[in-house]
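All remarks here apply to the structure that follows.
Order of writing sets the labels: A, B and C. Residues in every chain begin at 1.
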Amino acid sequence: MLKVQSPTTTKTLISPGRLLLWVGVILMVGFCLAPVLWQLLTSFKTNAAISTIPTIYWPNWNQLTAAHYIGLGGEFLRYMGNSFFVSFISTCLCLVVGAPAAYSLARLKIPGENIILGLILIVSLFPYVLLFLGLLEIVKAVGIGNNYIALIVPYTAINLPLTILVLRSFFQQLPKDLEDSAKMDGYNTVAMLQHIVLPMTIPALVTTGILTFIFAWNEFIFALTFITRPEMETIPVAVAKIGGASVFEIPYGPIAAATVLGTIPLVILVLLFQRRIVQGITAGAVKG
Amino acid sequence: MTQDTLRQRDQRTGWFLVIPALLILLLVFAYPILRAFWLSLFTQNLGTQLQAEFTGLTNYGRLVGDSRFWQSLGNTTIFTVLSIIVELVIGLAFALILNQTFRGRGLVRTITLIPWALPTAVMGLAWAWIFNDQFGVVNDLLLRLGILETGITWLGEPTRAMFALIFADVWKTTPFIAILLLAGLQSIPKDLYEAHAIDGASPVQSFWQITLPLIAPQILIALLFRFAQSFGIFDLVQVMTGGGPAGATETVSIYIYAMVRRYLDFGYGAALVVVTFLILVVAIALTAFLLARARINVSGER
Amino acid sequence: MPLLTLENLRKQFAPDVIPVKDISLTVADGEFLTLLGPSGCGKSTLLRLIAGLDQPTQGQVKVGETDLTTTPPGDRNMAMVFQSYALYPHMTVAENISAALKIRKIPSMEIRQRIGEVADKLGLTHLLDRKPGKLSGGQRQRVALARALVRNPDVFLLDEPLSNLDALLREQVREELKHIFNAQKKPVVYVTHDQTEAMTLSSKVAVLLDGRIQQLDPPSRIYTHPANRFVAGFVGSPQMNFLALQSQGGVGTLGTLKLPLPNGLGDRPTVDLGVRPEDIYLTPTGEEPTLKGKVTLVENFGREQLVTVQFGEGSSKIRAVIPPEQEWSGDHVGLSLKAAKMHWFDSKTGDRLSPT
């Protein structure tokens, strides 16, 4: 294990506990970042550099290129746009439908409240693979294959449990006097929700919105099943298809570039909203 | 009764506000499951020209003798159990680290969130590249460290393919567990440790006697969520191994998906859905039961 | 003309949680009723029943002849000031004040004019564009008040509106409240557990305990003629002294203390005597003291001193307020009680007994 410093110098040297902590921190950061960084590096290496053995960790200028990104072309921007559209709309829908439900479950004491909450909790545990068969039938019956409604509605649904649980716990923390005051002022419940409660819970809405957006962006199985027109694909499916596209030689460079591009929006979200994401995850899981 | 009209009005509004959400949930969650129960009683595949023919429990009979199903169930179980155990251990370590105060903790916490946020399907490709036979960085590192003499096949060999899957899954979901456990750690009052230290307990003893019992609820919640997700794992496997080699990493969901999409056997696919659903429900009920017990224990101790 | 009427109000939250049991009262135009009582006695609950924020289990709330019991709070034309002020944090002061008017579709010209008037009256004019988060406690309190006043409601309801202010400000605002509501000529129901507020502001005080009105009277009468031991003990500071006397042949005894009992107390073995500390004085030389005892504690408040005296064989104690400059020698003193200021209570029920 680690060597303990002699007592005379402990003031300037780090204590063994701290040293252990820092080793842990470095390992942790390395573990989390390594695959991403590796992908980033690969995406900028020339094909020759990628297939050089032993592996090149510090490429020189000749071994670097932006060609993989350029090769992805405008098509890829389109996938990003698709993903953004579907995720954004389903996030909005989820908040519009989920916030009133959460408020109702937090405050209005409807009979069967606990049963509804229990069901919502259970439903959030269902793997999507159990759902796609039934949904596929509906999609076919209604004729909305290759229509983003076929993604937006399921995405809204799979995010509703989390949205409702998180928002409910936020609503419960609001001081009740404010709502009473609004009632005295003459707001009815819906107007109160719209003009008083929701404006005060914007931080919570942002929190849940971010989580919803991430889940929708990342969803794979529905996107794979219900959307078959290539130009309508979302990022996860489009990237996965690049991986399985060519039979003879797997295009590692373009895959890496696609991975990087497809994950950049999420990395940005995490960087900007780290605190809120943590808050949302814990509120959703622990308070429920 | 007129006395009650105000409350009734509130309740009516309450229902009005939940109903849209309930309808969407019912449509997307309840209908497909119920539908699967119904459909599983029919044979509907290429053999019947995709027409549904009522055949009772035939599909279930076929399922009992379907060794591919049992293998996929076994694979799923191995995957779930191993990945969850490793994730819990590493996640706890992460949480303990993040619970310390050190410079740059905010940044470190942000970094640990990244794996959780990235699309599994996309990162699955990254992992496939990392575990690549020829140019994979794993082989290269092991060679450089002298652990291997020549590069080995990872995704083409049953055990190692499973290992790679578990490794990738651990990477992806440990942050989630770490965050949940961190919330648990942060809710433990500091003076508990101080009192324990004054009693002469070492930090290791404190960990076993205070930390673990007090975050037991969070551990169980994490377990519950992760169990359900892990049991239904689809995208990672689909992208990394596709269930191969030779079905060695085929999970239940991959099998169900193939049954429906590739073999177009809807009736049997529905039966698979039903059985998987029931297994899950039983397992979740068991965990939830333990969770309720643990909560009582913890509050009883205080 | 009585405007606000409560008839047999009762609120039951759970089988054993009944904060309001049976309350009937009326508050006329221009009357200022204070609900006074210890914490948890059901004051806020009663106010919320009046407002319609909670539904009574039984009974009715009327304004004039209209039964409002099932009318939603927004349609009752009552305004309420909350202890926490409950200002909408995302709206400016002006928006806060005008919210209720906008909902009632009052023309914006008139709204602006009414905001201007209240803001002027309460000195809020320069704060109208601020958000509540940027106001001091006193300013927030004023905004809450303005929000109620601007509506020109039929009834004003205030739930401990001063309890979040510091002592100095509280006194000042109390003064202002008095002026404002004197001018309003509307029924006011005011909840507090602070008896100074109750005494100075109200035209009527309802002392509550256990969900029932113990006494409903003008403040002075509550002080001079408390209806029972609870009211006597709750109103007045320092608290009234209570002595449990054995009564025999028209004489009450407690240890060495002997008092002739007034007529009309009835034939009873024991009786409780209540006497306020300010109605006890040091016996001047030449008079026979009512009781003699040992001074165990002297608390000097500057304008008076509160002396605790132990007497009798047991540990009977009595407290007296005496002028700050007055002195005595040794630690034993003689005390006299003002006969006219004695209160008598039934020792079992605690009800006031009126001597003839």
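To be clear about the criterion, a contact is a pair of C-beta atoms (placed from the backbone, for glycine too) under 8 Å apart; a residue touches a chain by one contact, two chains touch by 3 or more.
No experiment lies behind these values; they were computed from the predicted model shown.
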- [ ] Work out the mean Cα position per chain and let me know which chain is farthest from chain A.
- [x] C
Task: Innermost chain, taking as reference the mean of every protein Cα atom displayed - done: A
Open item on the list: Just the number, please: Cα centre separation of chain B and chain C in whole Å.
Closed with: 60
Open item on the list: Centroid from C-alpha atoms only, then distance chain A to chain C, rounded to Å. What do you get?
Closed with: 56
Task: Where chain A and chain B are represented by their mean Cα positions, the distance between them in whole Å - done: 16
Open item on the list: I need the residues of chain A touching at least two other chains; which ones are they?
Closed with: 188
Task: Overlap residues in chain C, where contacts from two or more other chains coincide - done: 52, 72
Task: Parts of chain B lying in touch with chain C, wherever the complex brings them together - done: 2-7, 9
TODO: In the complex, go through chain A and note every residue touching chain C.
DONE: 175, 177-178, 180-188, 191, 195-196, 199-200
Task: In the complex with chain A, residue positions of chain B that touch it - done: 10-11, 13-15, 17-18, 20-22, 24-25, 27-29, 31-36, 39, 93-94, 97, 100, 102, 106, 108-115, 117-130, 132, 134-135, 137, 140, 143-144, 171, 175-176, 179-180, 182-184, 218, 221-222, 224-225, 228-229, 231-235, 238-239, 252-253, 256-257, 260-261, 266, 269-270, 273, 276-277, 280, 284
- [ ] Note which residues of chain C are touching chain B in the complex, please.
- [x] 52, 55-58, 69-70, 72
Task: Residue ranges of chain A touching chain B (in the complex, touch as defined) - done: 18, 21-22, 24-25, 28-29, 31-33, 35-36, 38-39, 42, 50-51, 53-55, 97-98, 100-101, 103-105, 108-111, 116, 119-120, 122-123, 125-138, 153-154, 156-158, 160-161, 164, 188-190, 193, 214, 217-218, 220-221, 225, 235-237, 239-240, 243, 252, 255-256, 258-259, 262-263, 266-267, 269-271, 274, 277-278, 281-282, 285-286
